[in-house]
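Once you scroll down, you'll see the structures, which are given as structure tokens.
Look at the two complexes coming up: subunit A is in both, with subunit B in one and subunit C in the other.
Right after this comes the complex of A and B.
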């Protein structure tokens, strides 16, 4: 990999936003600002911001620990405390990080939670995670249960259930921890801002329909979702980030350019792939390079939809604040049933004119992984495109085998080439 | 009828992966049958719609996995692969539908697989409330009302309040008989070997409820009359086995290791409620109320407040147990994520524990027997300090 990575303005903006957020968090004790730990899928960022609370996302801390090669020690620390080797490594990384001083991604100590906002969306483990954190920290938990879209659609009963919990349970809990009453006008402003940023993000995702694609919707896409999936959705800085990103994408389209990668621009795009599943974070750059070296561009991915499937039309609607938050939570990718997930991927393959489908199956994420082999069969049948299936983990370095993955992918790319030649 | 005759029949039912009883029941009654996965479904609703509820708890150690492994990665637990194996082998064709209760992400996603694999069959994922307030109650009531409409359409039989009350009464009687069985095992464990209790529970997954209740009552009478010597065993609670079931050989190994298992959480759906469900003018509401506020604590159910692990500690104390064996299926997220919290509660209460993992087709039970035996020995030698 090149030592000097080319930085675009949007990257600089995001780095500054994250840096400032973690600095604010590190000073929460002095400033008296209250801190809410919550999860990315189904996050209620606008509501948290409406109370001037500071969000912390444990999954983001875990993936950052993975990228900084710290997760292995954290996981082993948790396993020493009795946590099983078989379970989610995000959880163990978080527990281990807590045991080792709760130092955040920027090297500053994270404040303890004043409230654990358990948005139970699309992942059973979230519930156990915050039960564990409650036992560790003694911090109260407020639960928002988001029912599963088992029939592939949101029912009125589900929407009302979530909206009612927001009004009757979550808002009072946030009022208590913040000492403020909800200012609904402020909430509506934040929601309107979210919708504007969401418009720009959708524009960016759909730009991958161009050839060459001006973006990589997976390896670069995970950076694109940073602001909108975490502490910034609803803020002017988030809107500004996506405006800038859209401007950069427009520039690349106008000049027939590919995405910016650590290896430089990816203009020669040999294969267009749709990806299902999260990436591996401990060897993220090595993993990415396997694809870059083969001229692979990821034109769509499902992982970048865990915090919102905006390209299907959803936008936060300030006119219906609680109902829109409910629909947002219900609509996140892993809250959709398997047939719906197959439909989404098949649509990506068609609309983005993909050459193939890649499943990165994650050992410790059953929400994504259970059923993926069946999804692959269905997708190959429906789209006629070849699928590849590799296995790794989120943040456990013991489960990333570079040689095995590379061998399997090389065979896959040879198959794609053979199919292309035969066509 | 002696205990052995009853247990022999139970073991035949347990081993019968062709579900001959279900075929026979359907032929005899002309009714439908619906399968359900662990942990809990309100069987009263199914029964009131004239349908036989059938607990599908994987294939155990009697089924060779040929196709099921092709659907799941090595790091997924065993129960979905053996269930898929049974489905693809046509063993579950006798079922007119399948219910997948909210347990974990694997069973949740299995519901979607089932929708794709068996598109002509009725398939429903049952979402249960994890918020035990008015919003959760209303959501659950709506879920159950929808389920009832589906079941009525499937069977063509309306689950009137009278039918619902009758079904509730039958399941209340069944729960009382099971509670009696558990109480007898705890009071006189030599009279109710755990392997026999386990087979009785497994039979209840298949048998029509009133027939199962009669079987339990006959067993209770025979067990009370039996003469079996009391051994110098340690009294333990087995925890974490609520979904993927242990093979019978493992249950036998545990009880032959010097442990009397005096409480457990396998086949938990049959004992999920602690007391009777009320009968009366609003039976559906009573079923909802029972779920909301009168159940066991288990890993798949969110525990509000600060009493995580309190149920387990109370289970140990009320059964006068001396320790806990945490046995979890490999890769079982709920059990394995819950375990450290249970262990902390036990440690705080000075209760010894040990832990291991298994799968439904675990063949080598000697290691488990040795571990349970060592645990029993340590309690005998050092008591709660172990």
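Right after this comes the complex of A and C.
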């Protein structure tokens, strides 16, 4: 069995899962299944699935539109409606997509929401986004207030505050929209399944400690997070995907192989980098190629943890369903204060023996970008590793300057090389 | 055969080349405008640097001569200005021919074509006469570039000739605009021996140098025949990827500016480079190795090109901006350095009755404030602080920068070299010399000739 076939198996699995999910969504009107729009950070997928509801993730659709080169038109459509240039481009892409027929990433029409479930308020924009969707769709918003981890940890009162809202506000809203009572045993089953998939995902992330790394934790990592961050966490298909992925990673480790990329296997790994911030989606492949051409492997990333910092120890715990969901929502990466984020990245640098740290600062995403330069300075000081700071955007193609970014990155890699030679 | 290393900095506005010897001493520098043709700009800058290197070697030879000795300096000045004159006259000749060619291609009525031909003859005769007056030892050229010199003189003469002949000024300007681009795409390097002969003949006709004519001619010939053994060449700057350099022969301009600044001023710790399209704040260690940097993103506000727009809006030369701004008594507060809005902002302030010098002082301060923000983001300013790039020639910028650096980071040594525009090329040449992989292949000039954008490329004489 060769590497490509192994690689393909997990990719095929994921493609099939996504295809089936969007097909089910496109038939929601006929089947009568109710649809919940929700966001990736702090998503309550097990709870949604326990009510047999269908989740839709607007920011995932937006990034997919970015990768499919559709976001530029969608954003302009939203700007035509009066949205400012400075507004989060995920929001404008989503609004534009809605205005242009709400066709999802697989080319099938997405159903309108029956409920807007806002389960993470750490991103202020999410609140406004759902206000806009509420205006468009007329369906209700249920909002889970998630306090910020200002002290760098979850306090018992914060956990209780969120868990109580789950019981008193979220569950009744889901019961109302689904017409079903909560089956707590079913919820526990789903949570137990999530934890098993999470174990395998952590194994995959930590495999990057090998040299050469069998994975790229950022450019390939964004594909790895697909099932667990979206509609599948808690389902057997999700568990099967991560089992397969783990098997593929083991194969690569055993054969001293690097990750498979669009440019071929990355075996010659010159620099190991830890990366903070989301990638640019509109020029994703070009962006990736800059790193591939320089022999750069991303050994850890914070963006691929926005739907769960599992390698920091968190697991969904079926024994305490509401508390565990509360901890999940509270534990979002961008809900951590700046020192806590610095700690996480510094730990990555050390544990993954990184050569450098890269920040991709997103112009229209304040919840990620605020304070990033100060974080980088602190990290440079603490780890002694050189940092690079580039700026782009999520899905607005107007805010990606290939020449500028290439220039900065090449300078950075040459700087790493010069430092290495001088050492 | 002299061994050398070459660094080429392909900037958005100008292209620079530097030759280094085996002891990392600068042998020659060359500069040309980038003219949207990096391949040719690279070649021309390199040829200019090579000529400059030959002149340097010639000077040494003449200084070492028992007979010539102290006369070497005035002799070199005469040789250099006559070399430049020969170059200029040759380019004028080519420009004249191209103007005629463009006129013929326009299918003008016979009578008009004849008048245009006559007008061009008069203009170029006047330009040649003017050149004889302009190029003399000690003269300071208004610009390093043929385009700039030819444009101002041509426009002046065209205005005069339209008073005498039935030719429209617009027609003559149209011909010039088309022809100058063609001339800029010529390489005249193959003619350097002829230029040297011309310069030698002029110099030895001078009574001071006539007694040593034979020795001078021999020294010139020997230097002209000298071959440079190019051991390695490194390219940097925005145009670097458009050239047939091997991957190992390309360095980022951040690294080159850092190392170049360290070479010029070894105690440099912070470098600010304001170029045509970007501003770079660079931190370097004691060996000139970059430890951190920040660049302007996407928007080129506050860079050299911005000053170019401002100069255009005010109908003055870029080199006049700084001196005018320094005359200000009451600078206007300006926050935006957006190039797109520059014209509108300027007109608005003028309509409010603000003085040109006060507006310019405000604009220069705004540019520096933007650079200060980048410096802060890169880690601040440590002594010594070296300011490089084309904008470092602007005194209004340097004085404003000095004030703000002292205010924010305390008194420190600020270095600005007259050759700061070559900093990136110097760094590139140093990388060429220090490359651990050893000797690289020379840049294949024959490949440049095959480049479709390259125009007419003569082979390099080295």
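Structure notes:
In the analysis below, the second predicted complex is superposed on the first by the 415 of 423 C-alpha atoms of A that agree within 3 Å, B and C clash if a C-alpha of one lies under 4 Å from a C-alpha of the other, contacts with A are read in each partner's own complex, and residues count from 1 in each chain.
Following the convention adopted for this analysis, a residue touches a chain if its C-beta (ideal position, glycine included) is under 8 Å from a C-beta of that chain, and two chains touch if they have at least 3 such contacts.
These figures come from a predicted structure and were not determined experimentally.
In the overlay built on the shared chain, the residue A:373 is in contact with subunit B and with subunit C. Between subunit B and subunit C, B contacts the larger number of subunit A residues. In the superposition on chain A, A:253 makes contact with neither subunit B nor subunit C. Looking at the shared chain after the overlay, A:195 reaches neither subunit B nor subunit C. Once chain A of one complex is fitted onto chain A of the other, the partner contacts of A:157 are limited to subunit B, with no touch recorded for subunit C. When the two complexes are overlaid on their common chain A, residue A:386 makes contact with subunit C while staying clear of subunit B.
By the touch criterion defined above, A:411 lies against subunit C but remains apart from subunit B after alignment on the C-alpha atoms of chain A.
Touch criterion met: A:125 reaches subunit B, while subunit C stays clear of it. Of the two partner chains, subunit C is the only one touched by A:401; subunit B is not. Of the two partner chains, subunit B is the only one that A:87 touches; subunit C does not reach it. Residues 373, 391 of subunit A are contacted both by subunit B in one complex and by subunit C in the other. Contact residues on subunit B toward subunit A in their complex (touch as defined above): 70-73, 75-76, 80, 102-106, 108-113, 115-117, 124-125, 127, 129-131, 133-136, 138-139, 142-143, 146, 299, 302-304, 306, 308, 328, 330-334, 336-341, 343-344, 357. Contact residues of subunit C toward subunit A in the complex are 238, 251-255, 278, 287, 289-295, 297-298, 377, 379, 436. Every residue of subunit A that touches subunit C in the complex is listed here, in rising order: 373, 377, 380, 386-387, 389-391, 399, 401, 403-404, 407-408, 410-411, 414-415, 418-419, 421-422. Subunit A contributes residues 81-84, 86-88, 91, 120, 123-125, 127-129, 131-132, 134-135, 138, 141, 143-145, 147-148, 150, 157-158, 160-161, 164-165, 168-169, 337-339, 341-342, 361, 363-364, 366-367, 369-374, 378, 391 to its touches with subunit B in the complex.
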